[in-house]
Amino acid sequence: MSQNLAPNPNAMVSIRNLHKHYGELQVLKGVDLDIAPGEVVCVIGPSGSGKTTMLRCVNFLENYQDGRIYVDGQLVGYREQNGQLKPAPEKEVAKIRAETAMVFQQFNLFPHMTALRNVTFGPMKVRKVNKAEAEENARRLLARVGLADKADNYPSQLSGGQQQRVAIARALAMEPKVILFDEVTSALDPELVGEVLQVMTDLAQSHGVTMIVVTHEMGFARDVADRIVFMDGGVVVEQGPPSQVLEHPESERLQAFLRRLHS
Amino acid sequence: MNEVWDNRHLIWLGLKLTLQLSAVAIVASSLIGLFVGVGLFYGNRVVRSLLRLYVDVIRGLPILVVLFLIYYILPAVNIDILGVHIPTNVGRFQAAAIGLTLFGAAQVGEVVRGALASVPKGQSDAGKALGLTFWQRLFSITLPQSMPVIIPPWTNTAAELVKGTSLASLLSMSELLFATRKIVERTGDVLPFYIAAAAIYFVICFTISRLGALVAQRYRFGVAR
Amino acid sequence: MYKLRWEYITNNKELFIDGLLLGLKMAILGLIIGTVLGLLLAFARQYGPRPLRWVVTAYVELIRNIPLLLIVSLLYFGLPQVFPRRSTGQEWVLKILPDAETTFIVALAIYAAAYLAEIFSAGIVSVGKRYLEAGRSLGLSRTQTAVSITLPIMLRTVLPSLGNTFIGLFKDTSIAVAIAAPELTWAARKISTDYFRYIEAWATAGVIYLLTCYAIAIGLRLIERRIKWTVA
């Protein structure tokens, strides 16, 4: 199978023919996706379709067996030699991971650090930003997510919604080229979902950051996304502007998926 | 109690050896055990099976037998690594220190492995996503979070090592218990000296476990205020 | 260069076999006496009057923070000096501690009781109030409830710890070499110093300890599996 594996020079993220399996189980079966700088892309699809796995591959939290992922033209996790993939050294992997931030379903804030420290930690350790500058920036970001007064609280002293907003601030502090969101509201109590979606909407409308958002929140996807990508069975089945994908689905699988959502 | 005071110099000589041996064993066990635990949890298959073998063998042996093994066998073997001769004619102190460390590092290693396993996987994912390297994640994320789990059994091991130094008296090393027995044999006075020795061991071990509890409390990350 | 001569081991194999058996015997007796003492201590600590609780706590903390070898030395070398073995009127020491073997078993029991009391106390606490209340509601007395409800449930909960304690006690029997009770470590030391067969003697003892500990561990797991009920 001869595939074009070169990155799109205009894309921030280029995913080419991405394959990933766990043992016998094929999870990703050739995902192709380009995401432009500043674009907000929502990924939808049934459970088990490989959305999380794809995001984790972009951040190289999972390795992949075939295909390529490029972030800003840089191959993720591997070096290419004569068309073969060789694992990249740890330092290089860490460096490219620092360019892509991730916000997790379970927040994954560091419980032994205050909110402020959670946000300053990456810039200080990885980017070697000095403390004063990192804290100033962190306070600005915490204010931006509406948590200026919670800087000194530990995660255990914050609600789920507040924790997730700190996690978004932590991601922003790295000034990443792209932020990956994996169902960031599904672990929250219903009344806390709104505050997190609000922060993400503001972020999307500031047009600064490239965002890949895996979500079940169709309202959010419709209002905020520049493009919706529908995945099923480990491939991208259909994509386009929200109005087109949600109102005039072409593929049968997407039609079925949307019908099940509305029933 | 006057007799005890009159013999304080002899007791102190023994106590000094006990303290020195304890300190060496505790520090070495902690450092080596830390890496044993990291290897047990993160190592590749070869590293893991070798360390597992080491830990399980040590835990199936009495400490005393480990001490005797080192004391009697080490001098009888020749160790050359890459042509460099490693001196093996260890004395009592070194044999006891090596034996106790072998035991302590296995204990600490198992503790550290279990503690690392108790940290949710999302924590290292979050660290990776920030671009932290393995050692950065270990020392600033997973290990600090393991501390509340590590410290109580770790202080237990430290106290066991202090008590274990008494076994060195069976290698005729004149630590506290050995000194006590010698004094008792000489003076014919029994209870005051044994009570004094017991009190000293008690104070050391009890202090260690109290200190451990205090330190463990400091790692509660604002859970209760 | 040191040449291995295993015939010194095979020629003296009774020494090792008898040593192993003596070690197991001392560990089993230490465990049994220690369990009885430990149960008394644990129930006294949970249900006894306050001064008694303090005494038990003090005992447990004291014993856990001093070396077993010190207890052994005190009983074996110390007491007979306070009460000379042959002096008339003090035969009771002789009756309780006539030889190294008995002395060591007593020391081991004293030592084990402290650890077991701690394990049993935690077990009693974990059984908690709900079964007690169920027992009381059936009209059982306090003692009846303790004996017929708390005790069996607690013993089931602590069974794994009890097994580990037994393995620990078996390893601790090596300390009996200090008072020349002829157990495994003593046998190894004898061969190693009488014939200078260091490597053979200590390797043999080490392997026997290792195999025995693992055999006990496997045996305990089998026993545990045979008990059908667990505590929810």
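Read from first to last, the chains carry the letters A, B and C; within each, the first residue is number 1.
Operating definition for what follows: a residue touches a chain if its C-beta (ideal position, glycine included) is under 8 Å from a C-beta of that chain, and two chains touch if they have at least 3 such contacts.
The structure displayed is predicted, hence computed values, not measured ones.
*Asks:* Taking touching chains as linked, do they make an open path (line), a single closed cycle (ring), a hub with spokes (star), an all-linked set (complete), or other?
*Replies:* line
*Asks:* So, comparing C-alpha centroids, which chain is the farthest one from chain A?
*Replies:* When every chain centre is compared against chain A, the largest gap points to C.
*Asks:* Using the mean of all protein Cα atoms as the middle point, what chain has its own Cα mean nearest that point?
*Replies:* So the chain sitting closest to the middle is B.
*Asks:* What whole-number Å value describes the gap between the mean CA coordinates of chain B and chain C?
*Replies:* Averaging C-alpha atoms per chain gives centres 23 Å apart.
*Asks:* Nearest whole angstrom, what separates the Cα centre of chain A from the Cα centre of chain B?
*Replies:* Roughly 45 Å, centre to centre.
*Asks:* Round to the nearest whole Å and give the separation of the Cα centres of chain A and chain C.
*Replies:* 58
*Asks:* Give the list of chain C residues in touch with chain B in this complex.
*Replies:* Touching chain B: residues 1-2, 61-62, 64-70, 73-74, 77-79, 81-82, 171-175, 177-178, 185, 188-189, 192, 198-199, 201-203, 205-206, 209-210, 213-214 of chain C.
*Asks:* Can you tell me which positions in chain B touch chain C when the two form their complex?
*Replies:* That would be residues 57, 59-65, 68-69, 72-73, 76-78, 159, 163-164, 166-167, 169-170, 177, 180-181, 184-185, 188, 190-191, 194, 197-198, 201-202, 205-206, 209 of chain B.
*Asks:* For the complex, give me every residue of chain B touching chain A.
*Replies:* 120, 122-123, 125-126, 128-134, 136, 140-141, 144-145, 219, 221-223, 225
*Asks:* Using the touch rule from the top, collect the residues of chain A that touch chain B in their complex.
*Replies:* Its residues touching chain B are 56, 59-61, 90-91, 94-102, 104, 106, 108-112, 114, 121-122, 125-126, 153-157, 170-171, 174.
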